């Protein structure tokens, strides 16, 4: 009986859906290229900041109205989508590198924020939780 | 026949699993507080950059070895997890604000990167794709 | 008697030396191009962050030893010098826009830091002043 | 004859005026605390980015009009001035660490920008030099 071919990283697979599957897909991309050796936490954090800056650059010197107008253009919107994806992918790589479950971390942060910003006090206010004065 | 209660934002629901469900959960958190009014694209992009900087600050002045040692401490690791979650949550809010499907954007960027960084040329190299010289 | 020609922005002048003269030179560059209209404080702050990220990108994925080796190369060092200059020039433009005397601001911050980080307590320590515990 | 006292770092001196004197003053502050050991280029670049983010945070979620109103308040303006000073001081420390003459770097960048953005083409336009199309 013929042995089934080993699963290869490049093999066709279901596209990712869950957050964990996305983290795994990004990790496979890294491992296929043997890039984990460059992915020190400090560098991954810097990479996130760099991508965030590239995102900001898309909006620089523009009024909010000009930004909205720009984003009606499909090519420009796709460019912004790429920068957002870059930010999230490096965040996924950092989570993976540190053994942090990103889905759990987001769920925990949402729960913590819900306490820091109770709907009653925070509704319609841009103040930081330290200034909400819920006493 | 009794009408079923309207679905409320605060109602118990299944915890999010897919990337899209996380985006939706973060969007509900925003809407419960009526915060969409503050979420201009430029501000959300700035918020991502600010959270990325808070993440970097956790590692500042430390050697890679010191960073690893720090992260063996559960409380410090949880602090880093929070900053990563903040980055991703603001990226989700920006995607949502712009009508960008984040899962699609990441899948598209992974595919584009696979072309820019073919395994054969990129394996084990930290060079930027513009310097890979694949001819 | 012939009127002396009006001083023009492009006219030969002494190169700047004092910090205030540099701020003035950068401001003239802006005014010659009628760019003050784009220089809202939020955009200038974003521009500083973007230039800071371009600076970081020069060092990304490199060990400290590789960074030092790179900087022995004159062209690479000049590239880094440009990014640092960009950061400082946008900081000067923001100061100018806000009517902040940058020389005074730096002198004041140095004095404040001298109190926060007394030589006796801070010597040889990378801890933040909040953790110096000089109590 | 009595020997004059050795010049000490803490000794009274003229306040800095030239850009070079400011760089020297910031360097003395560092050396008095024996901090050069922590000042690797990557960390100094990250520190600049972190301070730039703290500056951005002062303006986050605010409209341009709200920012202007805020800055009419002396305490808030002083807070912004501190963040700008922090950015510039770390840029000075990085220049000093790399043996870059900051005054020269700024003068060179101004000259380069004057070529990239000729007054005739750039006047009143926020476009990047790559899009100025001066043929």
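First chain written, first letter: the chains are A, B, C and D, and each begins at residue 1.
One rule holds in what follows: a contact is a pair of C-beta atoms (placed from the backbone, for glycine too) under 8 Å apart; a residue touches a chain by one contact, two chains touch by 3 or more.
Model, not experiment: these values are computed from the prediction.
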Shared chain contacts [chain A and chain D, defined touch]: B, C
Comparison of B-C and A-C by number of C-beta pairs in contact, larger one: A-C
Centre-to-centre distance between chain D and chain C (centres being mean Cα positions), rounded to whole Å: 2
Chain centre separation in whole Å, for chain C relative to chain A (CA means): 30
Residues of chain A whose C-beta touches two or more other chains: 38, 42, 46, 49, 52-53, 56, 59, 61-62, 126
Touch-based graph of the chains, sorted into line, ring, star, complete or other: complete
For the chain D and chain B complex, residues of the former touching the latter: 38, 43, 46-47, 49-50, 52-54, 56-57, 59-61
Chain D-touching residues of chain C, taken from the complex the two chains share: 10, 15-19, 22, 25-26, 29, 32-35, 37-38, 40-42, 45-46, 48-49, 52-53, 55-56, 58-59, 62, 64, 67-68, 71, 77, 80-82, 84-89, 91, 94-95, 98, 100, 102-103, 105-110, 112-114, 117, 119, 122-124, 126
Of all residues in chain D, those that touch chain A in their complex: 42, 46, 49, 61-62, 126
